[in-house]
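Beneath this line is the structure, given in structure tokens, with notes to follow.
The first chain written gets the first letter, and so on, giving A, B and C; residue counts start at 1 in each chain.
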Amino acid sequence: MDIKTHIHEAFAALENTTPLIHHITNYVTVNECANVVLAIGASPIMASEISEVAQMVGFAQALVLNIGTANTQSIEAMLEAGRAANAQGIPVVLDPVGVGATTFRRQSVARLLEQIRFSVIRGNMAEMKTLAGLETKSSGVDSLEDESDALSIAQGLAKKLNCVIAITGKEDVVCDGTHAYTLCNGDEALRSVTGTGCMSSSLIGSFLGATNNPLLSAILGISTMSLAGELADKSKGMGTFRISLFDRISKMNASLVLEKARIYLKG
Amino acid sequence: MDIKTHIHEAFAALENTTPLIHHITNYVTVNECANVVLAIGASPIMASEISEVAQMVGFAQALVLNIGTANTQSIEAMLEAGRAANAQGIPVVLDPVGVGATTFRRQSVARLLEQIRFSVIRGNMAEMKTLAGLETKSSGVDSLEDESDALSIAQGLAKKLNCVIAITGKEDVVCDGTHAYTLCNGDEALRSVTGTGCMSSSLIGSFLGATNNPLLSAILGISTMSLAGELADKSKGMGTFRISLFDRISKMNASLVLEKARIYLKG
Amino acid sequence: MDIKTHIHEAFAALENTTPLIHHITNYVTVNECANVVLAIGASPIMASEISEVAQMVGFAQALVLNIGTANTQSIEAMLEAGRAANAQGIPVVLDPVGVGATTFRRQSVARLLEQIRFSVIRGNMAEMKTLAGLETKSSGVDSLEDESDALSIAQGLAKKLNCVIAITGKEDVVCDGTHAYTLCNGDEALRSVTGTGCMSSSLIGSFLGATNNPLLSAILGISTMSLAGELADKSKGMGTFRISLFDRISKMNASLVLEKARIYLKG
């Protein structure tokens, strides 16, 4: 697939369908995730009561599961919603926030991977190495890892888990087991705002709800956030940067991505 | 009641009393709701632990219940707080977010309506049609409904539920069973930010805590949000728009509402 | 200790160590707390699942407990995390939001004080009088108290609880049982934004994670917020003020604090 030929289509699909993106996500960045979904032109619904999630996800075009502040109840709701999504062919994104940090997170993600078929999994290098069963120097939710072997780890994981793997870092790697891309946009300032990772996953979910194309959606979700980070106003401080980021995302379009995104086919 | 003669009084009451508005609300827009209450000059308190809500609501001048991310526990807390509010004559607002979407939401709202006397219920057309027992084309929390029969639905519901009904949409309708008003302010951009509906309900609660006048409060809560939406800066994107919205709400006053609000008595 | 000679060291320590600050906090201002921790140069982790908090806090350099929307489950998680932090010598900050308002809050804080050794407790006058066993005119989470006896209350509490006490108000008082300081910066506008108190506690936690010096951290956490409030743009309304506050915090540094902070040794 020549990704670039599909970018106009993807943005048009978003505009034409306004897909509903069901989230079961953390309480830290949930408002940001809802707003980023609106900013890109999709529609968010957050619902995590176990007795309603299977019904709710039936209205959605994609489901985003994020374990940032997961607890035993929300993991059960994620399993319930994920199984219902799978049964109805609704694509599912996983953001395994800080999966390596605690036994609870590792076991919860293991259950999610066992019971749910994911279309895209996005995380940082420490999270992805944990999924790959490799040693990490995790400290909570930030990654301290060397990123030079991202490509081979992504390829291995994509094959093992049979889904698109997106590893975000200085350079991002997106791989579907057959093709791999590196994405070379972004700005350090994105690390100074909470939730830019979570929001990237929500953007991936938004494109996925519009296109049902996991590889394209992972690339566009991440590129949208990275480009917005490059373009946003960094002169006044992190408050203004955060607001400018939303401004830029709400103005993002296919032409801008085609002009500025540095997306390279690697294998 | 000639609504317009009471607008100065309502803003003055807010300023003189700084009413405390107890919320049991969703975790997506809860920060926005707290800030909007502060912006209009009231004081927010969010508390949802079932063993404390009855005691907490006793300090409040109004209670706002919003089921956006309700779960079985928070519904019990809402019932507990609502009954305590009723017993003490503290007015209660209901925002039945996405009530038509799931069985859990329908049953929860049915219990709330059975056990609590509400002063104002605010929702979109799909939510209100669900309350009225009518067919809807609900898709999660957004309304896809024709809004031409809003007036008759509001009138019917206001009589049936014996409270003020506020249906927000392109035009808003507010009705107390006797009098009905249409409100013709607002801006499409308000739909591009999460929580403008929730915030309208919190503004209604704020005016209600200051005036104990449900009809006036519904009109002023909605008009404040609509006017702020008209006046807010839409040139830079949705990040700036959201911030500008809070700026405008914090500068709202009776004279501005009297000058710009298009409030029409309909019956 | 001459506080001022340590201010450059404290900011340098933050920059050199990027301490991880574990929060168990309320769902209203949690995003603000995460962003303020990033703005000052530390790293936030929010996790409240009881089965993981003891493990998670082991990665952290400080723990912040905030009871703003505590429930029976989160209090158990706070106890678990606090005990683990104590066992590993990780300093703990308590923000007893609205402790006087309900029996649940009073009993929960009593349990926290019994089982956990705190380095800093920060609250408003009503909260601190409640901790001191004095009568209050509490109304929810805002303080209506006379603040003239803050110094003696802080001194008494610091000795009784064997920790640094910080009472924030028009003037702030910080006391470690031996030395007491008054802090005379700040701006009324800080009361028009939700979470400035919570954020002050998170800033204290950030400095504490970097320096392990409770008295210095309480002074710097509060002074950072107060100075940012003085410097932030108040001309456009509370939306812009809130954003400007984050801009100012992210630009805060030792020289600015030394130039502008009014910190007075009182005893």
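Couple of notes before you dig in:
Criterion: contacts are C-beta pairs under 8 Å (C-beta built on N, C-alpha and C of every residue); 3 or more make two chains touch, one makes a residue touch a chain.
In this text the structure is predicted, and so the values were computed from the model without any measurement.
Under the contact definition, chain A and chain C share the contacting chains B. Where chain A touches chain B, the two copies mostly use different residue numbers: shared numbers make up under half of all numbers in play.
Here the CA centre of chain A is 33 Å from the CA centre of chain B. Of all residues in chain C, those that touch two or more other chains are 27, 31, 242-243. By the touch rule above, chain C contacts chain A in their complex via residues 20, 22, 27, 30-31, 34-35, 38-39, 43-49, 51-52, 55-56, 59-60, 242-251. Those residues of chain B lying in contact with chain A across their complex are 26-29, 31-32, 68-72, 98, 101-105, 138-142, 192-195, 236-240, 242-243.
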